[in-house]
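Common to both upcoming complexes is chain A, partnered first by chain B, then by chain C.
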Partner chain A sequence: MAEFDWPWQYNFPPFFTLQPNLATREKQLEAWRHLILEYHRAHKMHTLDITEAQNSPLFYNKSLKRKLSVETIFVVLEDLRKRGHLEWLDKQHQRCYVYWRTLEEWGKLIYKWASKNGMVNTVCTLYELTNGDDTRDEEFHGLEMDVLKKALQALENEGRAELIFFDENEGVKFF
Partner chain B sequence: MRRRVGGVGAIQKQQLAQARFRNKGSEIAEDQLQQMTKQMEVFRTKLQEFASNHKNEIRKDPYFRCQFQEMCATVGVDPLASSKGFWAKMLGVGDFYYELGVQIIEVCIATSHQNGGIIGLDELREKVMKSRGSKKRQEDITQDDLLRAIDKLSVLGKGFRLIPAGNHYLVQSVPAELNMDHTTILQQAEGTGFISLMALRRTQKWGEERAQNALEDLVKEGMAWVDDQAKDEGERLYWFPGLLQDKLVSW
Partner chain C sequence: MDRFEWCDGSFQSSEKLLFKIQSGVKLYDGDNVTNFVNGGLTLTNYRILWQSEVSSREYISLQLQLVVFIEKESSGWGRSGKIVVHLIEPSSRKGQTNKGPVQHSPFSFVKFTFKNGGEIDFYTQLNSAIEKREWEQKLLLGKSERKLRTGIVGIERQIQEKQKETDKSISAAFKDLSKLMDMAKDMVSLSKTIAQKIQDQKGEISEDETIRFKSYLLSLGVSDPVTKDTHGTGDDYHKELAKELANLMEKPIEEAGGIMPLSDIYCRVNRARGLELLSPEDLVNACKVMEILKLPVKLHIFDSGVMVLKLSSQDDSILAQSASVLVEEKESLTSDELSRILGTSVVLAKERLLSAEKSGFICRDDSVEGLRFYKNRFLKEMS
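Coming up: the complex of A and B.
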């Protein structure tokens, strides 16, 4: 795993206790939002599992002996969800997508890549987009299929792409 | 015995002498005044000469600057009284502190959302130096310069205040009403960056309510963060980000 640049708050013990003062809490949540998104971006992760997360270094600073309680993790995640950076995968709220880019941003990035590489008006498979050699250096390489589809749907709504099903495959055509 | 009464002539003589004395007196006073004015004139030109000759040193060399300040203080001149004043204009010293004041305010505003408006003087100095760093040669800024500049900032109202803590200073840059209890807490927390209710009561011999209220006030002002996971202390700790910056990874 790449060396991650932790923000100063990560070494500040009270960061792991939900702050009673609302103004301070707002700063705390802002720092958590930022940290969670950066952490997932740096590790190219797109999903978060609540059970696993409790022992992940993200929420548990072992050297400081401080961890974010489950209740507080939920507060922080809910805050992310409200801002469009998170979506629950199940009703029990055990797993979620973490969008360190919003779906619109993903859509734009993919479209930019397509137009730069002359893929407009041709069909690419979805697998090719996220796992193909051509996209190895792109940020959306390794994007989860579901997230990719949602991002392409966002493009579809703008009339810049169309999702296509053929044989057993799924593809997309850019306009 | 019959007392001798002075004649008219004697009285006139006496009056004449008195008048002469008066004249001589005011003559001497005028002389002195003239001399003084002349001296002042000389002093002023000398000081001007000195200042314009050493303008660069005054700006660049903190030790020189400090000495110059002391010299001015001895003769009762405050070159910082106003940036528009004669001295300031002549010496450009006012500008130096005026600039420094603005930079201090900038740093305090930029960091206040992280430290709640409390910053150590050393850290402030580091950050101010960094913000001046774009200039080709880094000018050294001393604690003395900062204290002078902050002192001048106090004319802006209650917004800026120096809190002595041990052999350090804390700079308060938010207009919070800090009373003696609050300052005491900050001073006690200065070494470690945190404090607990028990520790505070132990050292200050305060009642629980008094200590609790003072701590809560600091939380309300956004200067303190609470930490409920301190296993060793076994009680809530109150942390002050403004007192900790050198210990945390710098942003």
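Coming up: the complex of A and C.
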């Protein structure tokens, strides 16, 4: 894993206690939002599992011996969800997608790539988009299939792409 | 009937059996039938014993000394013979009322009926026993024996004796206490006159020690405490009390950093008042009217419910700010550490930190090591 540049808050013990003062809490949650998204972006991770998260360095600063409690993790994640950066995968709220870019942003990014590379009006497979050689330098390289589909659906709603199914393969056509 | 007693059927020393009928004896309370039907009757030189046929352990006895005289009631056709035993009034035998099967009876006589005969022999034996009056000798004997007696009665007596003694010593102790109270009043007036004298002689004797002694005396207590006797029980009392408290506590509160918990106030005030102690309730009520009276100190209740008296001139935000400055100096503080720095109680230190947190100066770190406060870098470094 690449060395992650932790923000100063990560080494500030009160960061791991939910602040009762509302103004302070607002700033604290803002820092958490930022940290979680940056962390996932840096590690190209798209899902988060609550049980695992409690011991991941993200929520557990071992050198400081401070850990964000599960209740507080939920508060932070709920805050992310409200801003469209997170989506629960199950009703029990055990796993979730972390969108370090919102679906719209992903869609735009993919469309930008497609138009730059002359892929408009052609069909590419979804596998090509996430794992193809052409997209190796793009941020959406390695994007999870479900997230990709959701992003493309968002594009579809805007009328700039169409999802196509052929031979058990899935593809997309950009307009 | 109320002169009968339960007993165990065993004979006392020097008690002799005179006559015995095995069965068929029924007991009447006056003219009424009792539950004591079908029993054996035993006559001794002291008592008449009746024993139930059903349970051989059930005995009741009648002391012969209670018998005035006896008479035969003729046994008619088909009726069993009866003997009427006339008894003396129960008032002459107080203290034994609880030991018998019947507590009260309107009759002063009992009847025995003899279904299986034997009444004539019983009558003559009983008459001679009453005439001999052997129980009188027994009473004389009993008196000398009494102290040696053991068993439940003996133990009971010992307990009674002990109780009497403790009663005595308790009342003696309270006598001492009331004496002490009187003495204390004298002491107070004495100290007052001494203080007065010293005050008068101030010009003549100006040694440091006397002045110190005077100051001790003057700080000894409240010379004229506000009491319910002097100021009634209503609002006036609390107002006067509030004034007295403010007067008394302003300096100590100032010395303690402008704030003092009510529990401390309570102790100090009552120590100063000496005899006229204040109830916690009166203290709180008096403190509540302080603000209305615009006194130099006033009551403040923290969010946690902790009550304190503080100087009216002192501002909350200044307190919070001073706490946050200390936190910044030390980087982080617990309420315990702050209390040591400020020399206040932990409770007050915590309240200060909480109010500083409320104002956004500091933020908390709640871990297994306890609640610790840090400078609020969230608000200060991000914006």
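Everything that follows uses one rule, which is that the second predicted complex is superposed on the first by the 175 of 175 C-alpha atoms of A that agree within 3 Å, B and C clash if a C-alpha of one lies under 4 Å from a C-alpha of the other, contacts with A are read in each partner's own complex, and residues count from 1 in each chain.
Note that a residue touches a chain if its C-beta (ideal position, glycine included) is under 8 Å from a C-beta of that chain, and two chains touch if they have at least 3 such contacts.
Please read all numbers here as calculations on a predicted model, not as lab measurements.
Novice: Put chain B and chain C onto chain A via the superposition and say whether they clash or fit.
Specialist: After superposition on chain A, chain B vs chain C: clash.
Novice: Just to be sure I read the superposition right, which of the two partners does A:Q92 touch: chain B = first, chain C = second, or both, or neither?
Specialist: Neither partner.
Novice: So, A:T51: does it touch chain B (first), chain C (second), both, or neither?
Specialist: After superposing on A, A:T51 lies clear of both chain B and chain C.
Novice: Look at A:W6 in the shared chain and tell me whether it touches chain B only, chain C only, both, or neither; answer first, second, both or neither.
Specialist: So A:W6 only meets chain B here.
Novice: Which one of 81-89, 135-143 or 207-215 is the stretch of chain B that crashes into chain C?
Specialist: Here chain B runs into chain C along 207-215, and the other listed stretches stay clear.
Novice: Jot down the residues of chain A that show up as touching in both complexes, chain B in one and chain C in the other.
Specialist: The answer is residues 8, 12-14, 16-17, 19-21, 23-24, 27-28, 65-66 of chain A.
Novice: If you look only at chain A, which of its residues touch chain C in the complex?
Specialist: Listed in rising order, the residues are 8-9, 12-14, 16-17, 19-21, 23-24, 27-28, 30-31, 65-66.
Novice: Applying the document's contact rule, which stretches of chain A touch chain B when the two form their complex?
Specialist: Against chain B, chain A makes touches at 6-8, 10-17, 19-21, 23-24, 27-28, 65-67.
Novice: Within their complex, state which residues of chain B touch chain A.
Specialist: Touch list, chain B to chain A: 113-114, 116, 194, 219-220, 222, 225-231, 237, 239, 241, 244, 248-251.
Novice: If you look only at chain C, which of its residues touch chain A in the complex?
Specialist: Answer in residue numbers: 332, 357-358, 360, 363-367, 372, 374, 376-379, 381-383.
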